[in-house]
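Comments concern the structure below.
Lettered A, B, C, D and E in written order, each chain numbered from 1.
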Amino acid sequence: MIIYNYVFIGMLLLGAIGFAMAPVIVMGILGPKKRSKSKSEIYECGLLTTGETWVRFRIQYYIYAIMFLVFDIETVFLYPWAAAYESLGLFALVEMVIFLLILAVGLVYAWAKGVLKWV
Amino acid sequence: MNVATDWALPLVWAQQSELDSIPWLKWIIVLAVVFFGIFPGIVAYMVWGERKVAGRFQDRIGPNRVGPFGLLQPIADAIKLITKEDIVPRTADQWVHLLAPVMILVSAFLVLPVIPFGLGLAAVNPPSGLIYLIAVSSISALGIFLAGWSSRNKYSLLGAMRAVAQLVSYEVPQVMSVIPVILWTGSLSMVAIFDRQVEYGWFIFSPPGLLAFILLTIANIAEVNRTPFDLPEAESEIIAGYHTEYSGMRFGLFFLAEYLSVFAVSCLGTAVFLGGGTLPWPFTGEPVVTLGSGQGLLSLILVNLPLIGIFMAKVGLYVFLMFWIRCTLPRLRVDQLMSFAWKVMVPLSIINVFIAALWYEFVFRPGRPNYLLGWGVTAPLVLISVIVVLSIYKAQMKADLAASPTSRRRIATAN
Amino acid sequence: MSSELLFEFVYFIPEIVLAFWGLLVILLDVALLRGRPSETRGKILGMVSLVGAILALVSVFVPDMLSFGSATGAPETSIFFGAIFQGPVVERFSAFIIILLMFVIALSTTWNFTEHWGEYFGLLFWTAVGMIMLIAAEELVTLFLTLELMTISLYIITAFEKDLNRSSEGALKYFVYGSVSSALFLFGLSLLYGLAGTTRLSAIGAVLEPQQSVAGLGRNIAGAMSVLLILVGFGFKISAVPFHQWAPDAYEGAPAPVSAWLATGSKLASMIALTKVLIQALGAWASGDGNLASPGWVGILAVIAALTMTYGNFAALAQKNLKRMLAYSSIAHAGYMLVGVMAVAVAAGSRVAAGPILFYLVVYSVANIGAFAVAAWLFRDKKTDEIEDLNGLFAQYPFLAVCTLLLMLSLIGIPGVAGFWGKFFMFSEALTQGEDKHRLTFLWLVGLGLMNSVISAFYYVRVLRAMFLRPSTGAPLKPPTFAIRVAVIGSALVVIIFGLYPTPLTDETDRLADSRIFDSRLKHTGPAPKVALNGGLQPVASPVGK
Amino acid sequence: MNQILFGVIATLGVLAALGTVLARNLVHAALFLVAFFFLVACQFVMLEAEFLAAVQVLVYIGAVAIILMFGIMLTRNIQGDDTTTVSKAGFISGGLAAAGLLAVLVFGILDDEGRTGRAGWRDVTTRPAVYPVAARASAEQTKAVNNMGFVVGRELLTRYLIPFEVAGVLLTAALVGAIALAVQDGPSTDDPAERAKKAAEHTAAAETEPQLTSA
Amino acid sequence: MHDIPLTWFLIFASACFVIGLLGVLVRRNAIAVLMAIEIMLNAANINIIAFWRYSVPGPEESPVSGPMLAIFVITIAAAEVAVGIGLILLCYRRRASADVDQYDSLSG
């Protein structure tokens, strides 16, 4: 049953979480605990932090995230096509070329618009 | 001859057997021994290997104090990290601060059960194994973001955003460069990919396969934030990037996660392109299979010993390639890094998908596979596309450089 | 397989032309017209898109030229494995939508409201593709996807007037309402998919058909919930009352050509899709036994129609802004049309009951295009769209003022203008169709509709009063561009011609309405593919040995 | 064993959804949302639609969660200010409406008796078996469950060709639209003089622009 | 070891759907509303896949009509988030807050 494949993966997931948490817990027990105000300050090359944690972000990050989202979904469509390639005729190849052309226009648009440049 | 499935290790839940009860004990043993014993050991000694190799490249010895040839160095590091004090900034978000490294490590761990180390040695063989693998490895981007955000440090947040932007940009070519493999095997399950390479030889021995392998390797290096793509956590850049506020074993987890994902990613590379566990010529496997014809554990080990050896050798070479690159290539600037992903890697991988479809027509189509014609057609196509894309990229870079003085002023006035 | 598929692609050419013309316009804007200021880019891309729209319009009739289109009596077929329906309705109405698109493109070049012209025209083309295929969709998957393509592109172009705050805020409000209602709509679809087991509308109708005898939605809570949620989704798209809050803000926030497109194209396509889904798929649950224990969805629709009509008209009375007033008037018109949809639902008899709705849609869209053209003209010169700014229009441009007078009269429904015939046919259809147990509700609704038409006269007259009686205040309006002139005069002409002599349009719409998608009764006799009834949920009788 | 597993995943899923709705800090809400996406992927695995579980994880956790996080960062909402809290009165009325809808839905589900030829939802307790493969290799359903990537690919490019191309157009529309919305309105020409004029005109227009009328 | 009855999945999907609706009604921040909408779309997805898995498709039907609809719903949800965050950023740039109620310039 497919589910048993994933039961093993589920056990591995729990085991990995345990494997990751164990040393941190052990460190909490073994490690020395000398709390001091200065030690728990945020490290900024020694200076005290000013202002809250927000930096003037560029829109680039958002644009890269959208580009990734759109091309991620493009690959989600490409995977089943590739898996079923031999039972699909030449016609499917033409359709897939059209699909990729439509999305390539998106990439060319972003490129020519200059949003991909990291100013 | 479908070698792998005949030797279904009880561990591999192929669909044939309608198992009602789950052998919990056996699974726990396998988990404890293989996944939380052997793999962390391999990873620890990869760290040691890297430091030794880096030492050799820079004409120094590398760790040799702790134990013979410094073999106990990883254990010493581990103990040092465990006994450190667990300093977490007061204003940091306590739970998310701990969750982030755990998330990255878990996403690296979850990749391993799917990879076929030998005949039927893939711990799990889900029918859509490859897309499961890609999905799990995409979770680490979120973990890195949370690490940067939870430590409430301006620079680590900025470093995390840049790291995620880079990861995200290089995940598209990574995901797309694997598509030719699915095209040729006709199924998404990793064991089927292994069987296909057993019959037809390694996938790297074809022009589109070679290009896809190169793209995958570059994307893999970027995916694990190693030089020349390790800008977000570069020491000289923004303090220490997103893991500034991590100390002691929490930082150890990051370190472990990075090397485990190096191992996982190189396993993916070998399993998918280098025909994990088989020798270059189509592996008929008659001699080995007859040797261990029984069903028991002993015969399984006998059959798989050479295969695992070959697999680990390939992984070792792959990892050595990464170490080598780390010691030689300089670090890329941010804008070069990002524009290289979107303007060279993504177009190339899209074009490569179609060249792979062409290769399929020549070689894998059930008729008489003629490799000569295949090479004759696809090799020039691959070369042309690489040259064209790189020249466009060069022209674009030159145009940007020419325009840059004015743009520098424009940026200055902009904000 | 592929040869017959290629044959079917010929029906699909208009959508292909529109989609690729959208791509072409975007690339053109970014590549060739890089350095030019946005005014010239807007004009050039406007011309290019107009050429594209004309090309698409011609390609609608290509199947007729090759003598297998619907005009030459080819039977209605569902092509692409039952995903798309191909018949006279789809052909004629995609032509009509492309004509509306041409008007909107022409209006968009009146003033320079955005920097990103290539994207604007590209998204405009893709909304047109969404609308045409929404009318043609035969399957839940295609229906939901084309609905989303249309609405997501509309969210974006509503926010394209970046200089004004109201554009992005209107778009955000439209987006939030839109995605909530599409999530509700999807949940309704998933319940329907569960009940019927298939995604094809005709097959769903066939599965639900035997249930006709059992009391409509009475014993069937899950069915009632799925119908309610589907009505929520469509109610939002045609801005029926409980789900209309977005409409006034989106219409006012969006630039005038986009709100014209919202009022005409989007409402037209959603109304036809609503009728098709309700009649073809859910026809079995329409009327039930008429008593309270087993109401069909006609009862729900009656309540929504009544609410929409009255609220739309009363709220419009207090409006000072022209576009916001037109938004409320479009809500009111959605109420009238819902009465027509109910007439079709109960019309077990004749298959032509949907004719009046199509007639009403055509007349309503034409009148709205003209009205929004005036709004565009007003905004271009005075940068506001308040009704007082229309003062003294008759003094400067008498002919155009008379044309807008005719448009307003048509929206009211004064006899002698096409709007009157629209309401007349629809309300008479409502009174004659259905068994006598529906008579009372229809009587009430038609009475309410007539009363509302009278109320609507008051706010339309305020526009006329501003134009004709008031002296012009502030700077006089500059002469309109050719596009505005054509839009206003053209729509006035159409309204007058079909006002005096409506029969050609009524015959055409009746011919269109006589198609499979508007008839709930046809399923078990017609060519609808028979769904193997043994498919679907496995009854528990065969316990699988576990 | 299956049912216990389903129980665990379902309760965790509902808790994660509640956490997303009630968390004060937006990033915590996003984290609960990521947990919810992962648990929905586990539900897909329980339904043996594992290709979909992988797609769900890849698209939602890999991309959508990151866009939401960037959205939160770019709107300066690091700690989650008062706009993210939930007003008491609103919560009670919303809660009642939601509880009512849930009751109707659950009653509708439990009470649904089938139509001719289709079993009612409450009667269906077993899913059509697709194992062992060998016995039922030919059945379409078996192939669909066991090798969904293959069957989805074949269906995608034959039966669902039109939705596939429309999805392509939709993705490009979203990409182009989102970039057009996000890009700052710099003048298309490069010289700074034009830019200064544009900036001045921009601020001047901001005051006089017509606010939307009330009522 | 017996199967999970269909109604369990439907009830779970309805519960998540209702929680999503509650989130939409109650939250004021635009991004929180967007997250609630994602929950509702996922709930509908579970519903679709549950119905697909528990029914045997007729000869006329495609064997994967459920997962196909689910994949298209995922693409639509992703496109919606991309456009939604774009709109929110645009509104934020102009009016420095993502609170839905504060956008009152379009009141009435």
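Everything below uses one rule, namely that a residue touches a chain if its C-beta (ideal position, glycine included) is under 8 Å from a C-beta of that chain, and two chains touch if they have at least 3 such contacts.
Just so it is clear, the model here is predicted, and its values are computed rather than measured.
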| field | If a chain touches chain A and chain B alike, it appears here | value | D
| remark: Moving step by step through touching chains, the smallest count that connects chain B to chain E is 2
| field | Label of the chain whose CA centroid is most distant from the centroid of chain B | value | C
| request: Could you see whether B-D or D-E has the larger number of C-beta contact pairs? | output: D-E
| said: On a CA-centroid basis, which chain has its centre farthest from chain A's? | reply: C
| said: Could you work out how far the Cα centre of chain A sits from that of chain E, in whole Å? | reply: 21
| Distance from the mean Cα position of chain E to that of chain C, given in whole angstrom | 25
| query | Whole-Å distance, chain A centre to chain D centre, using C-alpha means? | reply | 17
| remark: Chain centres from averaged Cα atoms put chain C and chain D apart, in whole Å, by 27
| note | So chain B residues touching two or more other chains come to 15, 18, 22, 126-127, 131, 152, 157, 161, 164, 168, 171, 186-188
| message | Show the residues in chain D shared as contacts by 2 or more other chains, in ascending order. | response | 1-2, 46, 48, 50-51, 55, 58-59, 62-64, 66-67, 70-71, 73-74, 78, 105, 109, 118, 121, 124-128, 131, 145-146, 148-152, 156, 158-161, 163, 165, 167, 169-179, 181-183, 190, 211-213, 215
| Which chain E residues reach two or more other chains? | 1-3, 6, 10, 17, 20-21, 34, 45, 50, 54-57, 66, 68, 71-72, 74-76, 78-83, 85-90, 105-106, 108
| field | Which chain pairs touch, all of them | value | A-B, A-C, A-D, A-E, B-D, C-D, C-E, D-E
| message | Using the touch definition from the top, list the residues of chain A that touch chain D in their complex. | response | 1-3, 5-7, 10, 52-54, 57, 59, 61-63, 65-70, 72-74, 76-77, 79-85, 87-88, 91-92, 95-96, 98-99, 102-103, 105-106, 109-110, 113, 115
| Complex interface listing, chain C residues touching chain A | 1-2, 5, 19, 23, 26-27, 30-31, 34
| message | Which residues of chain A touch chain B once you look at their complex with the stated criterion? | response | 1-2, 4-9, 11-13, 15-17, 19-21, 23-24, 26-28, 30-34, 39-45, 49, 51, 53-57, 60-61, 64-65, 67-68, 71-72, 75, 78-79, 82-86, 93, 97, 100, 104, 107, 110-111, 116-119
| query | Any idea which chain B residues touch chain D in the complex? | reply | 15-18, 22, 93, 96, 99, 126-128, 131-132, 134-136, 138-139, 141-142, 145-146, 149, 152, 157, 161, 164, 168, 171, 186-188, 406, 409-410, 413-414
| note | Interface with chain C, chain D side, in the complex: residues 104-105, 107-109, 111-121, 123-129, 158-163, 165-167, 169-170, 172-174, 176-181, 183, 185, 187-190, 202, 205-206, 208-213, 215
